[in-house]
Amino acid sequence: MRRRRILGPKLVLAALIALSPCLAAPSPAAEPSGDIVLMAYPGAFQDNYVKAVVEPFMKAHPGVKVTYNPGGNSAQMLGLLRAQKANPQVDVAIIDFSVSRVGNKEGIFSKLDRKDVPNLADIYDEARMPGDMGPGITFDNLVMLYGPDQVKPAPTGIKDLLDPKNKGKIGFSPAPNVIGIALQIVVAKAIGVGYKAPIDPVIAELKKIAQNVQTWQATPDNYTMIINGALALGIGWNARAQFYADKSGGKVKSIVMQEGGILDMDTINLVAGSRNPAAALAFIDYALGPEPQKRMAEAMYYGPTNKKAVLPPELMARTSSAPATLAKMIPVDWDYVASVQDQWTERWRREVIPAQ
Amino acid sequence: MKRAVAAAGPLAPAALLTAIAFVLPLAWLLRLSLDRSSGGGMLVDAVTAANYLRFLGDGFYLGVLWRSTWMAALASALTLLLSYPLALFLARTRSRWRGFLAVLTIAPLLVSSVVRTFGWMVILGDQGWVNGLLRLVSLTAAPLRLMNNMLGVLIGLTEVMMPVMTLALIAGFARLDPTLEEAARSLGAPPRKVLLRVTLPLSMPGVLLGSLVTFVLSISSFVTPKLLGGGRVAVLATSIYEEALETLNWPFAAAISVVLVAVFGVALMLYERAMRRWMI
Amino acid sequence: MAGAAPPAMAADAPYLKLAGLAKRYDGGQAAVAGLDLAVARGEFVTLLGPSGCGKTTTLRMIAGLVEPSAGRIEVAGIDVTKVPAHRRNMGVVFQSYALFPHLSVARNVAFGLEMRDLPRGSIERRVTEALALVRLAELAERKPKALSGGQQQRVALARALVIEPSVLLLDEPLSNLDAKLREELRDEIRDIQRRLGITAIFVTHDQMEALTMSDRIVLMNAGRIEQVGSPAELYERPASPFVAGFIGRMNRLTAAVTASGGGRSRLDASGLSLMASRELPLGVRVTVMVRPHRIRLSARGGGAGEGNAVRARVRKLVFAGEAVQLEIDAAGLVLRVEQPTGGGGWVPGIGEEVAATWSLDDTLVFAER
């Protein structure tokens, strides 16, 4: 009897600690269990994401086994999900927001309830998707890449793309790639018209830029081509630029253009018809939490979308989530862009890309 | 009738395999090409010729079709021109290096065309070997644009296709009786005339086969136009890639694929006809 | 070239001359080892010999298709050794016909004329003539594949002849044809060659072809000439046991000279006593040869004149239509004998004792080397 009384409080405490994630949840239905499949990018993203998010999640939820299925790029993943629509084999998908928007409309993904995903409450507004669909888990933003040895002084914005001394030294992906679309929005701002205005003057400006372009298909990518001196200027994404800047010892650098940047993000989505929604939602909530997001920022410079993620200031400054950077982002009506994207792309194909 | 069915019996597994590997995907592609895509890549079930009408009614896409066709034809012609003497030499030489040379010729087949294309980028780039050499002898002030355009694609395709063409030609030469060339010589034909009047006509089956294969491989090749074209060389294969994986317009991608299959069909028909003319 | 008239020369000067002609294929033994031969204009000369003796190689050197390792080739007094094949104006008929499968019969025949840039009309006329010559006028538009073997060979002949070659070279042109066709074409080729008065070198390993067609036969062995002469010379006066054995059937015995004198020698062939019609050194070992059909059989032997006679027993007897072929045993030596059928000779039965006789002229004797 005495023993029991002494041990009792300790047992209760231990149980409380073990159950704390459940207790903290508003609707602690039950500890999730079973298997789920996460589909996301292959390569470095996979390596880092498994370490920073998947493995810690499984430690916290020993009953759940997460299988990481590298599905290729966003469009390829959407294709796989479309093909499985009647009988989904994937529970959670991480893809680019421009593609997940399509999935949302096609009913491939389910809407999320704040009751199931408490961390949604702490998400930046920029990371929210219309209709409470899968939100952003990582921020990234459009930057200008440059080789500091070749471009002196450092570039500042669109005017450097037009500068004849950079002729034949520029490389970036044209529309329909998001980079081309995003650049068009920045160029519209640079010449003082909105991106929703008639685009003829923007296209005319893009054609001038096109005359300086060496390749629209940098291989393996323009970060690497700037590092090895084959290109001097490019347009790319911040996280990768930071990663390559470290890796190359500063042979490629990046700036947010003075006209502004475009925010990009990867979203985390619950696949409609998931066979284990409880575990899937638990994973999504975990992934949106401050700690895993911080770890991804540390590993790959992806900006956290959770306001509560606390990064060391130097690191924060290098991600898209830095307040100074977020402030420079041009607000974009992506529904509008989606509606005109095909027209823009046709203009690029016919007029911009062939411009000599 | 019955006998035909009975004879088809042993062919059943092959027919099944063909159905699974070829007919089914093609049928699926045809079906998909009749669907519609709303803006932003949403797939809408439909039965409409809109995708075909868009392709055929748009100068840009007709231009893509035309460019793809002449690019593949020119690449085949260049490949033929370069491979013919090589294949003739390999088929005729008595050198003890022959085996080694033959292996050397087809060795590129063992290397993925992506890697070979990368190799060309090292050679043809602004900082590449050719431009380096030209700079060294101060022949050019600005680097010569040897890639990121159609020229680069043609150079790359020609190299990528040469082993295939050479193999087809060697197979053709193997069936050519060398005494026919001796007969021509004895009848007063100088070497050039022997080549034009005897060797070439008699190697036509190999030439045609090699040309068909390189044409089909060239017009459907994606890696080389993509990597050496610098995004400027829009052909059917790169358009399919873009529509399928970037604009997410699968029905239109499917329609372009069907057009590509139709081009194969035409190429095959021309081949059959030419073969009938040259088969002896 | 075709139209150029050969330079004037003495009537008996050789038209085609091979001097020390030799060929050694790289690494190998000599395929042809120093050939000397002079062929007169309009002559039909046959290269005869066993397989691999260098006949084809010789022919191809004359055609310019194989480069000689040594020696010289002259045509009408002009050295053509270094002249490439297409400027030699040789008409070659290949064993495999070598017709161009993609061209019609007429175009095959026209090929050589087109190479000579003759006017269209003259080409047409000469093609028609050439096809008429080989009796194929009505097949002019066919492809070679649609012809029989004999027809193909005649096209090949027409194609070689139409260019009016300096020399017509034929490499076993009949060996792919059946026996009856072969005989027909044999006569036809010879007939055409005579009519056109063209110089011809004909390669064969068939002695019947050689004997029936040739003005002269060049008998080759292992890259060398064994004997050159008319068919009768080679048949009746072979220069070596090889020649004797190669042309026609032969009995071959080895013997030693036991006595010599008075233009005669006595030989001992394993106990059989024979006579030879010349004086040979005593003790020398010789090869004695006699053709089976030159041996006469009779019941008792004897008979007029000098010659050889042995007693033997009939071991075997085969009826072969024109002749009966026998094997007789003469004191342990087996001789083959042929007796004409139809009353031309006496035919004994098996096991019968007979006398076999043959003349001294038919007893060929070669001292062993």
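In order of appearance the chains are A, B and C, and numbering begins at 1 in each one.
The working rule: contacts are C-beta pairs under 8 Å (C-beta built on N, C-alpha and C of every residue); 3 or more make two chains touch, one makes a residue touch a chain.
Worth saying up front: this structure is predicted, and the values here are computed from it rather than measured.
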Chain contact topology (line, ring, star, complete or other): line
Chain at maximum distance from chain A, centres defined as averaged CA atoms: C
Chain nearest the global centroid, as defined over all protein CA atoms shown: B
Whole-Å gap between the CA centroids of chain B and chain C: 57
Between chain A and chain B, centroid-to-centroid distance (C-alpha), Å: 38
CA centroid of chain A to CA centroid of chain C, Å: 93
Touch list for chain A against partner chain B, complex: 73, 75-76, 78-79, 82, 99, 101-102, 105-106, 168, 173-174, 176-177, 214-217, 219, 229-230, 338-342, 345-346, 349-350, 353-354
Residues on chain B engaged by chain A in the complex (per definition of touch): 39-43, 60, 118, 121, 125-127, 142-143, 148, 226-227, 229-232, 234, 242, 244-250
Touching residues on chain C, where the partner in the complex is chain B: 2, 63-65, 84-92, 94, 96, 98-102, 111-112, 115-116, 143, 145, 159-160, 163
In the complex, chain B residues that touch chain C: 177, 179-180, 182-191, 193-194, 197-198, 201-202, 278, 280
